[in-house]
Amino acid sequence: MADVLIGGSKQAARAYSFDEVAIAPSRRTRNTEDVSTTWSIDAYTFQTPILAAPMDSVVSPASAIELARLGVLASLNLEGLWARYADPIAHLEDIAAGYEGTVIGNMQSLYADAPVDSDLIAQRIEEMKEAGIVVSVAVSPARTAQPAPIAAKAGADIIVIRGTTVSAEHVGSDGNELNLKEFIHELDVPVIVGGCSTRQAALHLMRTGAAGVLVGFGGGASHTTSDVIGVRVPMATAVAEVAAARRDYLDESGGRYVHVIADGSMGTSGDVVKAFACGADAAMVGSIFARASDAPGRGAHWGAEAWHPTLPRGERQLMEQVGTFAEVLHGPSYHADGTANIVGALRKAMATTGYSDLKEFQRVDMVITS
Amino acid sequence: MADVLIGGSKQAARAYSFDEVAIAPSRRTRNTEDVSTTWSIDAYTFQTPILAAPMDSVVSPASAIELARLGVLASLNLEGLWARYADPIAHLEDIAAGYEGTVIGNMQSLYADAPVDSDLIAQRIEEMKEAGIVVSVAVSPARTAQPAPIAAKAGADIIVIRGTTVSAEHVGSDGNELNLKEFIHELDVPVIVGGCSTRQAALHLMRTGAAGVLVGFGGGASHTTSDVIGVRVPMATAVAEVAAARRDYLDESGGRYVHVIADGSMGTSGDVVKAFACGADAAMVGSIFARASDAPGRGAHWGAEAWHPTLPRGERQLMEQVGTFAEVLHGPSYHADGTANIVGALRKAMATTGYSDLKEFQRVDMVITS
Amino acid sequence: MADVLIGGSKQAARAYSFDEVAIAPSRRTRNTEDVSTTWSIDAYTFQTPILAAPMDSVVSPASAIELARLGVLASLNLEGLWARYADPIAHLEDIAAGYEGTVIGNMQSLYADAPVDSDLIAQRIEEMKEAGIVVSVAVSPARTAQPAPIAAKAGADIIVIRGTTVSAEHVGSDGNELNLKEFIHELDVPVIVGGCSTRQAALHLMRTGAAGVLVGFGGGASHTTSDVIGVRVPMATAVAEVAAARRDYLDESGGRYVHVIADGSMGTSGDVVKAFACGADAAMVGSIFARASDAPGRGAHWGAEAWHPTLPRGERQLMEQVGTFAEVLHGPSYHADGTANIVGALRKAMATTGYSDLKEFQRVDMVITS
Amino acid sequence: MADVLIGGSKQAARAYSFDEVAIAPSRRTRNTEDVSTTWSIDAYTFQTPILAAPMDSVVSPASAIELARLGVLASLNLEGLWARYADPIAHLEDIAAGYEGTVIGNMQSLYADAPVDSDLIAQRIEEMKEAGIVVSVAVSPARTAQPAPIAAKAGADIIVIRGTTVSAEHVGSDGNELNLKEFIHELDVPVIVGGCSTRQAALHLMRTGAAGVLVGFGGGASHTTSDVIGVRVPMATAVAEVAAARRDYLDESGGRYVHVIADGSMGTSGDVVKAFACGADAAMVGSIFARASDAPGRGAHWGAEAWHPTLPRGERQLMEQVGTFAEVLHGPSYHADGTANIVGALRKAMATTGYSDLKEFQRVDMVITS
């Protein structure tokens, strides 16, 4: 990142969002049929490099099973409604039907009124295991210590530790802070951890033994972290910086490849494509799936920030429904705005620029457009 | 293009759209009467350097004849409705009258239901030949091999091979890829090929023997390639880069001058003027002609991207009609927004900056305005 | 101007509009009462450095007299309605009442139907002379040769030759082009000439013997030159460049000071202030005066570009009326948007930054704000 | 500030607003409970580093007492309604209920009709003293000489001299200009003075003996100084520049620490956070408090610029009410847009980036986002 002077002695790096960059074709093109979008992490291989974000609007046990069938790794939020209520369907319907004006207060109550239930966690994992899918669950860094081992014991295959900003070095005065490195070492399953958005923070997360790191603040359509706390690193720069940390760590570790997973701020297939072009190995998306007609959100979309009891940093969004999960992922699309056939769009972008796999595509030429 | 750092080791060039640049007057002015806008390619000379894009909303056999009379080279799309239906008028009326909400699905069906008919291709060319005009037809790169030779045999004078991104080096696993260089060599008519948007890609296209290359992705008003697949090079930069390739190739080939034809993203006469200022020899426009009251689109405008069966990257636009083809091209204009008297505006720009022909005008001073 | 690469070998300078710059206070402040806004050109001194643009919406013989009383040099357009019609009041009312949709066509007819009348020119000058004001009239460069000498003979004190782009070296094939230098030499009155927008063009205009040069394209609110012909130099840069030409010419001529008059693109008092900060000696404004309740436009505003017979580059604007000419210029203001008390705002800006006269104020610190 | 060329020889520094910068997380995080937001100036310590701007819409004697209870230093404007009217409640209600169209004229009258009353000043201070709070009052630089000593005598603890632009070197021709340095020396209470926005101006203000300097023009939501007089330094740059002056002066004075207080242009908690990140010690806000349901403005917000008799540079804004003063400051919040729980947001930002006190947080990494 090139330094610019804000004033006095305050330097800052110019950082770019996906909106400000684009992909430039090269001198070669390729057939879309010859393009591979396969993604592998640890022992698992997926047809698509797309992950579904652990948000109640996107991932339920049922939708996780359907998404797995379509080649997507979906993570169930172990602090969400499915871990709090035996049958949250009525609550999901309420949120989708609720009025804009009072929705934050209502959601704060809905999540606060029912604590996370360990038995429900085990039951949800069981439901997904029975379908024969790779089971992934997500926890927040503050609560990781309790539910994660329960989930691992119940048979979760991948655990995601996901917060707005997660560091390898959390300082606390109460002395019982989570040591991520020890914790990940003791868990018997691969861990994906984040968000992070800078090279140094990512490098430290990689050193904890994580199989993948999440880049970004986990939200775009649904969160307002920048307005509320002023913290933001635009995603094109964040992904490129963390991809540089992957290379640094590859060298430092003597060859351990930690996956860089762009998380959030990708509202269209064009944004997803740009994440790979900036160096991502995979992309975790929320709003794109929330637009599916079979998404649990029923046309609504929100993240964990929206029900924070004292400092909400997100809002419930109402989304236009554009097709089924299958159409959103693999088409056919009846929309020209990048909301459907996400994988088809990725294949088309790779073919247009002459690349045949995702790793090569990370080298594609880019331009700054504003 | 000057390199900027997105983050990590990812460099990108800052690229400019026509909106971000403008022309600066010099110390000399000239009479508009003393300005020439003549354009010649291969054996053909045209009164204006404006081409009509091969879109069903703009070019029919009848409109091609009218546009030729006005000094414009119009290309009929050999994969459009006139090559699929004996009488497509009712279908054109349906598209213009159709509702926004369902139009993509309807258009997908309309084009998919009737295959391209070789006899119709020959018939359309015949209709245009009879009017004594220079006949130009367009094909997409994927289908070039079949209709292009038919068209050449039927008497087409110029063949346009036009796609979103066309490369001289298309890699395929099925072994029956088109070798553009051989193909162009064997065709007996001059070929214009594109789109391309970078210096290297353009240089390779020039080496195929093409008489002209199209710069851009063929669409602006009507396509959403950037949202859907993330691929975009803003046009001012794209044209300037390809103009540099023309100079490179002129030297390398010992003097063969390949025409640089800006294609799309020109919604006003101001944009057309800027294309020439950036180095274009000619400008292929769509939406400008779609606003003519005698355009086949009847107030609607769309490109081939809009009826892609699985990944549409464009939408039917409804356009305000501003005058006849004659008024759109040569005035008089009753609009102050750059939608009419395009050639008059070009003459005025050249006169204002003191240039008398288009080749000289490529040297005009420019400024970056944002 | 610093050069930026658009692409290939096409360089361009980054140019700034008034919107993109602002004035920075220094360490000193001053009383507004101690600030002088006096402006002198040739033998004439004015209370304010504000000129009224020769537009029919702003300057009539009557408004010129009222504006002179308020310290403003107003120029009557000798090709406008007052030089075409004995009593144009009904036509002015029609324009103000006319509908947006058809107004360009109606205005084209209104101006085309009545030719400029030499007797009316003399009569209008007489009307203004009788009021004892400094009489200024304006002509376009194409027609300068005829009406200017008539006006000079009739007693005009200052002649303005004003067009979108005026050069000292107009090239024509018909051999009867105006030689500006000879023409200005032969006229017995001081001449203000423009627009120009670059250092070289301004320097050549200064060499014609003009007392002042107009910077810009003469319009902002009311013209669309950039959309129509792609020609534009944002005003902050244009004024600063021409101010540099003034310095160059001062040296080259051994001390002749040619006034730099910003012309157009100043919609608020803030813009006017920035023009002086960029180096202007005076500011010619249109829309600011068109908002006066006693302006001849009666709430409408348009320039000569709007009635061009074949290529109109402007539109009639309807303006909110904010006060009388007196209030617009000297307050009191009841508006907080920079549309009233223009001179008071200029005094306040000078006092806030510690400057006591306009020449010093040209050195004030500025910042780029976007 | 890095210099950019506007044109000719006119240089300008690129300056950034809070909207154009953001905070980047580092490799460390912290518990929000371990974060301190305590702020001390002179002998006084406050729970929060937030000051309430001396605007009638925000600070009344009653609201000052309530805000003090919440940890906020609120300054009563000694030229506002409470110093002009024995009971201004009806006037405050009128302003809140008044129509947009005529509100400036009505406010000009309201303030002009009743002069500032010395007895009322003493009475207001007495009311606040009785509540046992740290009493702060504000005066404008032009009128400082009279009311400030009265206020000091009446027991004010802190005096704020606040104007759009205040310099240490005010030049006047009438010879009775305020010598700030002598004046502050003679007053027996600590003085906060501003606005300033550049390094040099701030350094001179620091040399007057002030305990703190205000950075900015005192307004954002409610003022239009930039439109009216063209003067503006975007706040991120202004704060960083004045923070550099603090360091310069610390060295020059052998250790006197003058507080840098960002004043205005902070509409959300995110903006407040960025002010500290740019180097501020405290933040004076207006519109944020005007959104409180118990603010004196009753949903309206305006500054002293709005009732200037001849050149108003602000407007009465109608604000959405988002909660009580207590909720606006400390939550809980039911809004995700940065308008409530300002101090909670600041704590969260510090914790997210691993800082435990405000002085350290001034070193946090930032990025330029546009």
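A, B, C and D label the chains in the order they appear, each numbered from 1.
To be clear about the criterion, a residue touches a chain if its C-beta (ideal position, glycine included) is under 8 Å from a C-beta of that chain, and two chains touch if they have at least 3 such contacts.
Predicted model, so just to flag it, every value in this text is computed and none were measured.
Visitor: Fitting on CA atoms only, what is the rotation between the copies chain C and chain D? Please report it in degrees, nearest 5.
Guide: A turn of 90 degrees brings the C-alpha atoms of chain C onto chain D.
Visitor: If you list every residue number at the chain A and chain D contact, are more than half found on both copies (same) or fewer than half (different)?
Guide: different
Visitor: By mean C-alpha coordinates, which chain is most distant from chain C?
Guide: The chain lying farthest from chain C is A.
Visitor: Starting from the mean Cα coordinates of chain A and chain D, work out the distance between those two points in Å.
Guide: 40
Visitor: Indicate the whole-number Å distance between the mean C-alpha point of chain A and the mean C-alpha point of chain C.
Guide: Those two chain centres are 57 Å apart.
Visitor: Pull out every residue in chain A that's touching 2 or more other chains.
Guide: Where chain A meets two or more other chains at a single residue, that happens at 1, 14-15, 237.
Visitor: Taking the touch definition from the header, please name the shape of the chain graph: line, ring, star, complete or other.
Guide: ring
Visitor: What are the touching chain pairs in this one?
Guide: A-B, A-D, B-C, C-D
Visitor: Going by the contact rule at the top, pick out the chain B residues touching chain C in the complex.
Guide: Residue positions touching the partner: 1-2, 14-16, 18, 21-31, 33-34, 199, 236-245, 247, 268-274, 277-279, 331-338, 341, 344-346, 348-349, 352-354, 365-370.
Visitor: Please output the residues of chain C touching chain B within their complex, sorted ascending.
Guide: Those in contact with chain B are residues 1, 4-10, 12-15, 17, 20, 104-105, 108, 164-174, 196-198, 200-201, 203-204, 223-224, 226-234, 237, 305-306, 309-315.
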